[in-house]
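Handing you a structure now.
Order of writing sets the labels: A, B, C and D. Residues in every chain begin at 1.
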């Protein structure tokens, strides 16, 4: 079973990202379970959402404390939220940022992938400068680096799942799939 | 240095959890500037339940007493009765509730409080929908507005009913004082609060509280939109003292309501004649208000 | 701020008494207001309209943004008549 | 101390007056109305300098009391049946806020169909709300228990709201002699309410607050602890009340002629008076039976029930209420209490007196006879009008 934790800010689409991931996994015949951290969503305030994906029906209903993959939709969160807490050493950290962060600052020496989801989203008119909608772009990158779901099922999930601009969202996901870059784990 | 036009003392603290650009925080801030520290605020389920932050912190320097969604008016009466019984005579008791908590689920308790002439202030901060639960339609949502429960689609054009006129309902109870206040006009807001503080008996405020995520506009426009609401006569500023109406802001030329509606995503679907229908409703209400004022 | 970890730490009734000043909401913003004092006329409008009480007026009467709390809503910049406030993007 | 012939309702009003309540908030409902009417005369005459808020609903009545209690005033309210059900949201709120409110409840059946008769369904439906719950058997007990309720509610180790239930009409509108303690005696027993918890103007305090999963259980555990402590504080308070007034009502489970009994019936409220007389008549005919009056339903006297089972082989529980899809709530609690104990008496549930139906001596005798038989239905609706003879499980 694979466990994913999404970090974002209110209004950036983290919860929809987890739901789209669930839909994509389902389309590939897998059993998904996605849920938001039920707290106080405020535009701009930190938000977390979770996904579980397994080949068998998922048999646990708790929050996720040791994720295999952490996805960060807004890297400014690195300043205030320990996004890597509980992240498995051999796990993956996928960041929406232009460049690679200094690994020590992030406190994680496993695989790190980055993609400029904000740039891609704004280029496709998704959200505004202050609140870019980056969830579909980050999912495109996720498809590439996670090895869990294919880009094709992510695009199909986006088709039905996004509240607006399905085409722009699909293009953003495809573009992020291309642009995502991976820094292999320093640890053997 | 320009003299401050409203009291300097801050009884609402920074660090609260309101959305950026939230109108309801300025409503609280100006209310407490007008009333001062000897104030106790009782708050039902609403945005402020969350804005006030979670334990162990509180966003007000004065006591805030949580109460049930339907019962702000009763909580106010209970606090006032206890204050009188315990000799805390000069403390001001305030009920501070949202539009849903006042116009819908809390209307009965408010009516009871007013009918009992409870010597207290009840302020309804009006962001025009159940915003704390994600923008569902309330009785105070304006005609034509999109909300999650009044979607825009083939069979639905946003809210089909007009906004519930709380000031008229409250005025029918003949309170000692009732007024509309708007955060875009803080001086008028605080002056009315200071005036109400000096009056004994039941006093009511209808405060406009623009809401960026709910009304779908960019956060920096909160004040501009609040100003526009009054300047297009959607939210006229007036007070009712012992049944006599007095408009506290009159403009030579009134702007068209279209300018106000087009600045908000929740109205972006409106057609020209839907806007025209809203314009005529606004004009009719303004005309009625002028007539009420003329009654003297 | 006192820490409340266990049941014994709690007050006997659900009463919260720590001011929210201990909560830094800075991380919420993606833009930050920068006040160009040379244009500022000390009119206090920014202080007046801040929903987060995140602008203070210092002794000389200048407005000072409390960056611990500012959520970057931009009302101050929007309402500043002399256009002395600019919203600047926070670095990544 | 003076003896006055008065109704159960007025006994409740006198107790509130003697307790020097400061804020009353109440909404009228049959059969509670003469409680609040009497209080209105006390306030109007100046005998009771309280603030009386005539609210527009029971929901508001309890919210007003909670608001007043937050400032540290001693509060009183009273209601019945539908009114108590409307208060349900605030009943949970009061215990969570640790508000020491005392409420008189005149037990009355819940609609539909409308019924004014006594029935414990209203108060039994509130057994999970964190209120201490007494059930009175006499007007004297209503007055005494209401005063005891204030001492218990305001005890620093307790600080929980208390409900004193009395049966509609059998007590509320029945007049009988009641010893009314002097104001001095009551003042000695019940000092003014210490404003320990009260919020003070000018303080940075939020009363109620908001928590995530990390602290909610801990706050609610405090209410659970307070209820446990109430079980220990109650006997001390009642002992002191006996010392001052000479009266004691038998504690949480008042046993009568149980020591050598083969069968004991547990009853609540006014049925206990009738049952006690039946014990005497059947004892006179050589039947070894006894009675235990369950007076305190929350906190439930588990130890007392287990004590009873140590010497009695057959226990009947008369419920003036029924939980659909299960059994009578008092029966369910008794069986649960015994499960952890050492003894396995036969326990049977008798549903009787719903909607104000008389619990006659004959009905009580029928319960004892059924209890003394080796086999019988687990739950029996006694006095139920059915064509078939046997009134078995509901």
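Everything that follows uses one rule, which is that contacts are C-beta pairs under 8 Å (C-beta built on N, C-alpha and C of every residue); 3 or more make two chains touch, one makes a residue touch a chain.
Note that the structure is predicted; figures quoted are calculated from it, not measured.
Going by the contact definition above, tell me which chain pair has the most C-beta pairs touching.
B-D
Please list the single chain whose C-alpha centre lies closest to the global protein C-alpha centre.
Centre-most chain by C-alpha means: B.
If I average the CA coordinates per chain, which chain comes out farthest from subunit A?
Greatest centre separation from subunit A goes to chain D.
Approximately how many whole Å separate the CA-defined centres of subunit A and subunit D?
Whole-Å distance between the two chain centres: 56.
Quick one: subunit A and subunit C, Cα centre-to-centre, how many Å?
One centre to the other, that is 30 Å.
As a quick test, compute the distance in whole Å between the mean CA positions of subunit B and subunit C.
The separation of the two C-alpha centroids amounts to 23 Å.
Starting from the mean Cα coordinates of subunit A and subunit B, work out the distance between those two points in Å.
39
Taking each residue of subunit D in turn, which ones touch at least two of the other chains?
199, 203-209, 211-212, 215
Find every residue in subunit C that makes contact with two or more other chains and list them.
Residues 4, 14, 16-19, 24-25, 28-29, 71-72, 74.
Give the residues of subunit B that touch two or more other chains, as numbers and ranges in rising order.
17-18, 20, 50, 53-56, 58, 61, 212, 218-219
Taking touching chains as linked, do they make an open path (line), a single closed cycle (ring), a hub with spokes (star), an all-linked set (complete), or other?
other
Which chains touch which?
Per the contact definition above, the touching pairs are A-B, A-C, B-C, B-D, C-D.
Looking at the complex, which residues from subunit A come into contact with subunit B?
10-11, 40, 42-45, 128, 130
Help me check something: in the complex, which residues belonging to subunit C touch subunit D?
4, 6-7, 10, 12-19
Help me check something: in the complex, which residues belonging to subunit B touch subunit D?
So the residues of subunit B touching subunit D come out as 37-40, 42, 49-50, 52-56, 58, 60-68, 70-71, 73-79, 81-86, 88, 91, 108-109, 111-112, 115-116.
Which residues of subunit B touch subunit A once you look at their complex with the stated criterion?
17-20, 50, 54, 212-213, 218-219
Write out the stretch or stretches of subunit C touching subunit A in their complex.
Interface residues on subunit C, with respect to subunit A: 24-31, 71-72, 74, 89-90, 92.
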